[in-house]
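By letter and in written order, the chains are A, B, C and D; residue numbering begins at 1 in each of them.
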């Protein structure tokens, strides 16, 4: 296998190097890639979509269809992880751990045993994650709202600066994952339930596709945001900007929810009770 | 010699991506541990992302966000090519999704066989 | 509304997938009817679209109303029109047929399963309809990721097989992406038609040659073309039946379509067959692949595995037929693609009905099946005869064209391989039928009589079986009015 | 010359038996099944007879099912050759149906529903072959027939049946896919049509003599149903089938479909003129002669009655090929008539063998001592049929043999004459001892001596009917000769 691997790699590499001879040098402004299709995106983005960030306008409008499927890909990945890993009732872990907050004592409760009531003094604990660090926890608690705020900014300001639905959605998702890591998965799940996440993830992509379908219903082509000017008080170019914003929001929601779903399922091996 | 060196330097982005890609490919083909294979796969995908990003570069250009106040006189050569970035945003997402699914599968494989070494798994299959 | 048909055939299953997934959380009972409606609309739209294309010629749809090289366009000509119709019909029929087994196997995650199945259909429909090289990649990944997940649901060794598929599939898709990158860096475009016209002037470029090679190798990886087939038998064998019956007929066939689209339209026949000089090598290789596939199939004991190995043979037919580079060969390959969707569907559905009543499928447990499940076995016989290439089933007519193409091109080795593999398929299926036909009744103690599969499985199955024969009888019409005009001008 | 007439009759003739299959397959009652079989059988004969006047006038009834490739469609065309074959096989289906009832009920065979259904399907396929307008259609029905007869051959579903079935499909489907299909492709490739055309379609193809010869042999051996040696061994093996199956299918339908296909190819695809021009007849005669003599010799040493008849069939089939390969008008019409005469003769012999088996359970020649006294009428039929096979007047076999002999003398093929005479002797050698044993040797002791009630056995009656046919065809050969002449006229332009 090793020899085969080396052979394949050397052969492929040699072929690719051979082909690279014809490529333009690095940073060549006159390469075909820079001359044929892309200039229009840069030169017309303001005129056609009123979005200064060309990446955003290409992403969500010129090639918005790709992006819709990109969101769908991540949604599919989330559904896949859920379907592959999620274990439903009847296959619970044999025991749960609880920690007495004040003393740091840990309790183990068997599955058949009496469940602890929701007490202030005790908190559920992940069996694989024993250390308890007050500073870390407090800091994360403190940080998470700011992270989320920043995420919203990234989503909303994608028209004018680097950012957009994906980036913002990932940050948003990361904040919830941070919560699950710094505390425990059950508290994270209490904030936002599995079912809510699932609905969010599907709602996000549905917002995207729905915007496209709305344009179609309004009599234009699929994803032609200009059609939105018929129901929103904006001109067609502004409608494109608006449409881009709508789909970015959808992307943000979908990415956030999906990231969390993937994390939850991977980290808890599908039990969805204890994380890493 | 100088000419060759010049070519090598002028196109160094391509050499880097090719080397990275071959490392990834080798990992996928030759490594025994499934997670290492997954890592190799990720390197492979990342190399392609690098390739695309590097082709969008233009010397002396800035990021493709139209500077406020200059909307009227936009020249394409002043901004780098946004298209590869867009494409790679998609490719990154795809790579992440593939990675997620692959890891989920690895978890399932581990549950089934109690190991992630491919030869041990094959041994177990042969025995059963 | 008819002008939006190209968008509908992809977005309808997409939206349906979301609806089915959401329904899984809210009202699980709704999943099946929602999907049924969606796929029904898709099937009707794609047939309508085909009719439109036949009448008015190629249909182009600009998504977001951005014109061609800048935005993404859908281009439906006769070639993908007919493939679309075949795929959507196949998905619709499979949907009905797999209801019972999905219900019994995945009742706790029915929404996710159905959602993924619909996303898979979206992916393959999108791959077929798109006119943009990069968009194809994205849709390819949708189809692949959903396929990985669906296959891994089989339990036991399925996750491992699926993981192997992930590795091979990802490398294949990445090769494709890299090739598209090469094309982009050389031309600056991603639109297929635009690319094709720019490539006209770049016949001697090394980079384009390498792009061609890596793209085709990438696609072959996804098709499971020998010797890149390692993932295929395991993945399809270990997958749960509802997934196998959906993925096996569609995935490899759609990739074969992609190969044809790229070879015949993107690079163009002059380049692919003329300039490169690779075509004879590929046909020889395909002949070898046919033989190898036959040998692999012959050595299988398990029925499910055996029929997945037949896919290897069929794929090699299509590669060889395409690269014969003459009219008959290419027509045959395209027609075989369409036929193979239904043939494979028929065989897989039939075997899945057998498996629904009886878990193990080795030859010993087959006895007496003809009298116990006559309709299922009848459909299986029809599908098998079509794969063997017995008239008047459709498989014969495409095989005939392939043979004729091979004869005209002077590739006798491909002819021999085709005939040999037909005989091998005959032997393969004959073993099954013999086992099922003999060993009747009382001699087998402890073997309780089985009932015919439920109506929901038998009726779709019979529809496919009749369809195979009908397609065979209509083959003259189909070839002359759809497939022959679909060929690009350069194919002589 | 006649004209082409569009007519749905050929399609009806083909479909009438397939149409009753659902009824047969779904009915639980034996009476209903048998009644419908008869309806279909009489319907079929009726339709075939309805086409007879057109054919005798020289018209061709044609019907196109579906165009398939440029220049080729799935289509029927009824001409004299096909009509002759269709007439014989559809008429014999009626008789066989009656016989089947007696046989299957008498032996209480299992799976009778399946039996009748596939029998009807097989008859449809046979008609399809008879009426095919081109080689592709013929191939379609040829293949259908192979698969429809498989369940009949293996009806008993035992080990013997399994191996016989394997051999059957291996030879027949292997031959058709492995040899006929590529040969057909070459024909299509070089002439863009597959229609059976007077004078053949390969005349201007520019194929060399070697290639033509190869093609010829791919067809002759590929149509393995004709059982030309060395592709004959499926036929004796297939005798494990119930006797009515052996009788109709393996003496009439299946094997005759094989030779009929070869004849069609010889006259309609290759063309006699081309074969004459390239001097390819001689080698074909050689192949046929080897089969005739070889099979007759093997038949001499058989003890199993059905086995012996099977080998006799192998030999007799090659008469037809031999006749055609003389490449003359008389040869062709002799061959065609031999299809009919041999069909009647051989089916009678099989009927008798079956009748004996049903009545007494005996299958071997050595056990038949004195059976003529218990079943005189059956054995009398056997005698008549034997005479027909040997070629003794006043039976039909004489007619065809006479034509064949005249043809070989006319075309100067004395080796043909020699083979024909030798084989007559040999067939006398294996058939006459059976009659002798039956009538002149004493019955072994301890066996019942009571006379079997033959008048109440459908098996024996069927044998008597067909043996009467053997006589009748000799006495009034007008129709037969007319059709054969018409066919020869059509294809050879005499």
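Throughout what follows, a contact is a pair of C-beta atoms (placed from the backbone, for glycine too) under 8 Å apart; a residue touches a chain by one contact, two chains touch by 3 or more.
Small disclaimer: the values here were computed from a predicted structure and weren't measured.
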Chain pair with the higher count of C-beta pairs in contact (B-C, A-C): A-C
Between chain B and chain D, centroid-to-centroid distance (C-alpha), Å: 70
Chain centre separation (chain A, chain D; CA means) in Å: 74
Distance between the centres, which are taken as Cα means, of chain C and chain A, whole angstrom: 32
Rounded Å distance, chain B centre to chain C centre (Cα mean): 29
Interface hub residues of chain B, defined as touching at least two other chains: 21, 25, 55, 83-84, 87, 90, 94, 97-98, 101, 105, 108
Residues of chain C touching at least two other chains: 134, 138, 141, 145, 148-149, 152, 159, 184-185, 190
Set of chain D residues in contact with two or more other chains: none
Contact pairs between chains, per stated definition: A-B, A-C, B-C, C-D
Residue ranges of chain C in contact with chain A within the complex: 4, 7, 11, 14-15, 18, 21-22, 25, 61-66, 69-72, 108-109, 112-113, 115-116, 119, 122, 126, 132, 134-135, 138-139, 141-142, 145-146, 148-149, 152-153, 159, 182, 184-190, 198, 205-207, 209-211, 213-214
Contact footprint of chain B on chain C as seen in their complex: 134, 137-138, 141, 145, 148-149, 152, 156-157, 159-160, 162-163, 166-167, 170-171, 174, 177-178, 181, 184-185, 190
Interfacial residue positions of chain A with respect to chain B in the complex: 1-2, 4-6, 8-10, 12-13, 16-17, 20-21, 23, 25-29, 31, 33-34, 37-39, 41-43, 45-46, 52-55, 58-59, 63, 66-67, 70-71, 73-74, 76-78, 80-81, 84-85, 160-162, 166, 262, 265-266, 269
Complex contact set, residues of chain B against chain C: 21, 25, 28, 34, 37, 41, 44-45, 48, 51-52, 55, 83-84, 87, 90-91, 94, 97-98, 101-102, 105-106, 108-109, 112-113, 121, 125
Complex contacts: residues of chain A adjacent to chain C: 15-16, 18-24, 31-38, 40-41, 61-66, 69-70, 72-73, 75-77, 79-80, 82-84, 86, 88, 195, 198-199, 202-203, 205-206, 209-210, 212-213, 216, 220-226
